[in-house]
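In the part that follows, the structures are each spelled out as structure tokens.
The following pair of complexes shares a single chain, subunit A, combined with subunit B in the former and subunit C in the latter.
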Partner chain A sequence: MIRGFAEKTIACLSWALALSLCLSVTVLLSYLLIKGLPSLGTELVFGKADPLNVLLGRERVFDGIFPAAVGTLSLVFLSTLIALPLGICSGIYLSEYATPGMKKAVGGLFDVLAGIPSIVVGLYGFSVSIFLHHHFSERLGPCLLISALSLGVLVLPYIVRSSQSALEELPAHIRCTATALGATRLQNLVYVLLPNALSGIGSGVILAIGRCAEDTAVILLTGVVATAGLPSSLFAQYEALPFYIYYISNQYTNPAELSNGYGACLVLLGICSVLFMVARGMQKRLFHWALYSR
Partner chain B sequence: MPKQKKEKIILDRVDFFYGRRQVLCGIKAAFYSNTLTAITGPSGQGKSTLLGLLNGMWNEVPNTHCSGDIQILLGGQWISPLRKEISLSHLRRKVAMIFQEPNPLPMSIGRNMAFPLKLSGIRDKRLVEEKVRTALEQAFLWEEVKDRLEDSALNLSGGQKQRLCIARALILEPEILLCDEPTSSLDAKAARIIEALLVSLKNHCTLLVVSHYLDQVRRIGDRVMILENEGLTNGAGLSA
Partner chain C sequence: MMVSKDVFAESVFLCCAISSAIIILAILGFMVALGIPLFQEIPLSDILNGPWAPHHGAYGIRAMIFGTFLIAFLATLICLPLSLGMSFVISSLGGRRSRRLLGAIVRFMTGIPTVIYGFVGIFLLVPLIREGFGGPGMGVLTASIVLAILISPTMILFFTDSLLAVNAAYVQAAKALGATRVQRLLYVMLPGALSGMASGFILALGRAVGDTLIALMLAGNAVRTPQGLLEPARTLTAHIALVKAADFDSMAFRSIFACGITLYLFTILATIMVRVMTRERIAIS
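== the complex of A and B ==
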């Protein structure tokens, strides 16, 4: 009777906690929608500029979030490009080639990296930019590239761990099959293990994308500014949505500006959702192509 | 050890250890070309381990040690896998293995079949199609799958999956086929089909089949050997 009561209590508690989590997310999203929807529109994104002229590059945006949105997308793309090959290769090394001792040591280092606060990573990126400025060229400094590199370092542990776990969790019969057919280690990895681990690796990539899109502390110290327009090069300063939301919430002078901040939150959530869907779609297509196309 | 005319595999005082635990002790045996040798015995005696020695799969298991001598006649030449006289990839293409659980890769039937050819560098489309058909016919599977080669291999029945695995192993024309309890996960009807298939393959290669089932070893084996107490002996009275 006591066991039955305990089981029912655990079940109810689990239900209640899951429900409260869903409720929290719903409340948060609803609040953002209520506050941000009124400001959503072309004026929020393009300001007083003509949207078509902006998209064709004929006009600049001074009072809209379009440059910040482009800056965020550029940042996500660059940092993922930097972190993805490094992360997957490191995951492969830990899973397939590392000795138990090296696995422990290197894995431990990545765990430490995962625990480093983002502001510390930002400070490191800032230090690197100052070093480059002093020792190489005065034109070098906090910029899009430094931010992307710093964010890449920040999200590397996600991709490493997801790649390593995805490969290690593959069933033994999948590992042995290609080996028994005469595959070399590299062939087994490329033709069998990686395609079957895509789902797990993809989850890490999606986490990384989300982190790159929303992190503010790192970009605060490594190149983001309030007004820079569209990023003109990798070595230029840039705008980003998380920073826009941060400074608008600190500097707003009227309710309309604050509403723009909420609108920017919705745009950022929208961008993240689209990126997640694109990542999932690419993952499925890649999986299908790798295993089923003839 | 003098090699007789029809010998295909010779084991001479082979010992095998998982860490410090000895599983095989002083194994001496010979297996002959184009025969089906059934190996039986109590569980945990090292039957699967013995098969794994012949195609080098034991190298994939950490903390193992093998000593003694194994000689295999491949391409008319005697080679010793323990002395690394052949690369593991080449060895496993000529000494193929079928596992207890059917293990098609999560790919289409056609890609499963073409996979070993891809690993060997054979990419000529016509040659691949020809070899795929031949191997599937040898495995009594062609008529059942010829119209659905692009379907997932995971959608096949258990018996079909195992025949697919056998066909996939046969596609590189191995000289030896090692079968580790190939029918234990199948129903009686599917098992009988696999047995008939294995017997028919004697014309093409030398077969070693591990099985727990005495009636099965009696039915299919030209010779039966019993592995127990770390030793391998002839199963007197068990051969067909």
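== the complex of A and C ==
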């Protein structure tokens, strides 16, 4: 009797707690939508400048989030460019070539790296830039390239682990057929294993890109600033969306800036959720493509 | 010809794996190297246990260590019941459609940027706390609440995975014996899932310790040991972000490497604990 009551209580409590978590997320999102929707528009992105002129590079944007958005996009592009080949190759090695002992040791290192706070990775990037500043050139300092490198390090374990597990999870009949027909290890890898593992690798990569787009702690230490305009070179300081939001939250001076902050939140959330949905969709579509259309 | 191509490819992959591994070790190496001047000048016990007073030559990070763990533990404590409830519903209590819906919501939550939680926290939660409980509004409690929501997807996904990983035959057997959904969950699935759930708990705690933005934006950042939950505190991560502005060669700047090393060592400890507990490779969520 008492037991039955306890069981009922636990069931009710679970539902209540689950719903309250959903409720808090709903409140968060709807608050953002209510505050941010009115500010969405070309004014938010380009300020008072003419969008066409800005895109052609003839005018600078001073009160919009265009430079920050461009900064974030170039960061994401650069750090993916750095982390992708390194990560996928390491994943391939761990899954296909490594001995069990090596797998355990290096895999453990990647687990550690995955758990390192992003600010520590940022501190690493910062110390590297100081090191370069002292030993190579006075002109080197925290900059776009250093940030991209650090972000690349930050997302490396995600890419390694997702490509490793995507390859390891391939069933034996896929793994053995080509080898049985006389394919070399490399041929088997390139023509059979990688195409079949693409969906898993791809979704890991997309999640890593999302992480690059949203991370603030790393870039906070490695060269992001509040006003830099468009990034002029790899060695220049730059603006980024997450930092813009952080900056607005404690430095805003008037309601217009604050509402720009809400708008920037919505834009960033939009970017991240699109990436997220692409990752989910890709898992299914790529899987289909790999299996049936080749 | 084919053989040499094969060997070449393998060595390329090996080089990539080794250089990735070197990067990870280099992070620790760099921080120790840059922190050495501090450790040479000030004894380790003073750094870990002393007060923070840069003008008087004291660079202790005790208050920050305390603030970090207070906020992180409180956040995981708030997060635990929420995640238990949610994972119970997703893994067994809910109907087919509500399970899918809630699962989608939780996965979507993993994609919400941290800075957005912080931003909404400042303008929505801080005034509420200030009016409801008094105090400055920015403090340990505020940061912990937002942090709890931030880390909940990690915990929920791990809890749900380990609950669902319990051998289906046991669950079916209990069902055949007439056990209700709650009974199957509590007496069959839960006991089998405990070790997996414990590692989910540790990973969530690790995320809470390692998060920078929430504490930086919501905890108030005062450098002293908080006396109550409404008082401001500073975490190790926020400390690194705030002191960085100082010049490169100052001792205050050197001391953030002590913070970095502390965080790094905590990460290694947590990873080892998770590995020992699950005795298998952990999946990256």
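A few remarks follow.
Just so we're on the same page, the second predicted complex is superposed on the first by the 245 of 294 C-alpha atoms of A that agree within 3 Å, B and C clash if a C-alpha of one lies under 4 Å from a C-alpha of the other, contacts with A are read in each partner's own complex, and residues count from 1 in each chain.
Everything below uses one rule, namely that contacts are C-beta pairs under 8 Å (C-beta built on N, C-alpha and C of every residue); 3 or more make two chains touch, one makes a residue touch a chain.
Every value quoted in this text rests on a predicted model; they were computed, and no experiment measured them.
Once the two complexes are laid over each other on the shared chain, residue contacts for A:Thr184 go to subunit B and to subunit C alike.
By the touch criterion defined above, A:Leu109 reaches subunit C but does not reach subunit B.
Note on subunit A: of its two partners subunit C and subunit B, the one contacting more of its residues is C.
When the two complexes are overlaid on their common chain A, residue A:Thr80 makes contact with neither subunit B nor subunit C.
Of the two partner chains, subunit C is the only one that A:Ala98 touches; subunit B does not reach it. By the document's definition of touching, of the two partners only subunit B reaches A:Asn196; subunit C does not. When the two complexes are overlaid on their common chain A, residue A:Ser163 makes contact with neither subunit B nor subunit C. Shared-chain residue A:Ile174: touches subunit B; no touch with subunit C. Within subunit A, the residues touched by subunit B in the first complex and by subunit C in the second are 184. Partner subunit A is touched in their complex by these residues of subunit C: 2-3, 5-6, 9-10, 12-14, 16-17, 19-21, 23-27, 30-31, 34, 81-82, 84-86, 88-90, 93, 102, 105, 107-120, 122-124, 149, 152, 180-183, 186, 203, 206, 209-213, 216-217, 237, 240-241, 244, 248, 256-257, 260, 263-264, 267-268, 270-271, 274-275, 281-284. Taken in their complex, subunit A has these residues touching subunit B: 173-174, 176-184, 187, 191-192, 196, 291-292, 294. Put simply, subunit B touches subunit A in their complex at residues 55, 57, 60, 88-93, 96-97, 99, 101, 103, 105-108, 110-111, 114-116, 118-120, 150, 152, 168-169, 172.
Of all residues in subunit A, those touching subunit C in their complex are 7-8, 10-11, 13-18, 20-22, 24-25, 27-28, 31-32, 35, 85-87, 89-90, 92-94, 96-98, 106-124, 126-128, 130-131, 153, 156-158, 160-162, 165, 184-186, 189, 210, 213-217, 220-221, 242, 245-246, 248-250, 261-262, 265, 268-269, 272-273, 275-276, 280.
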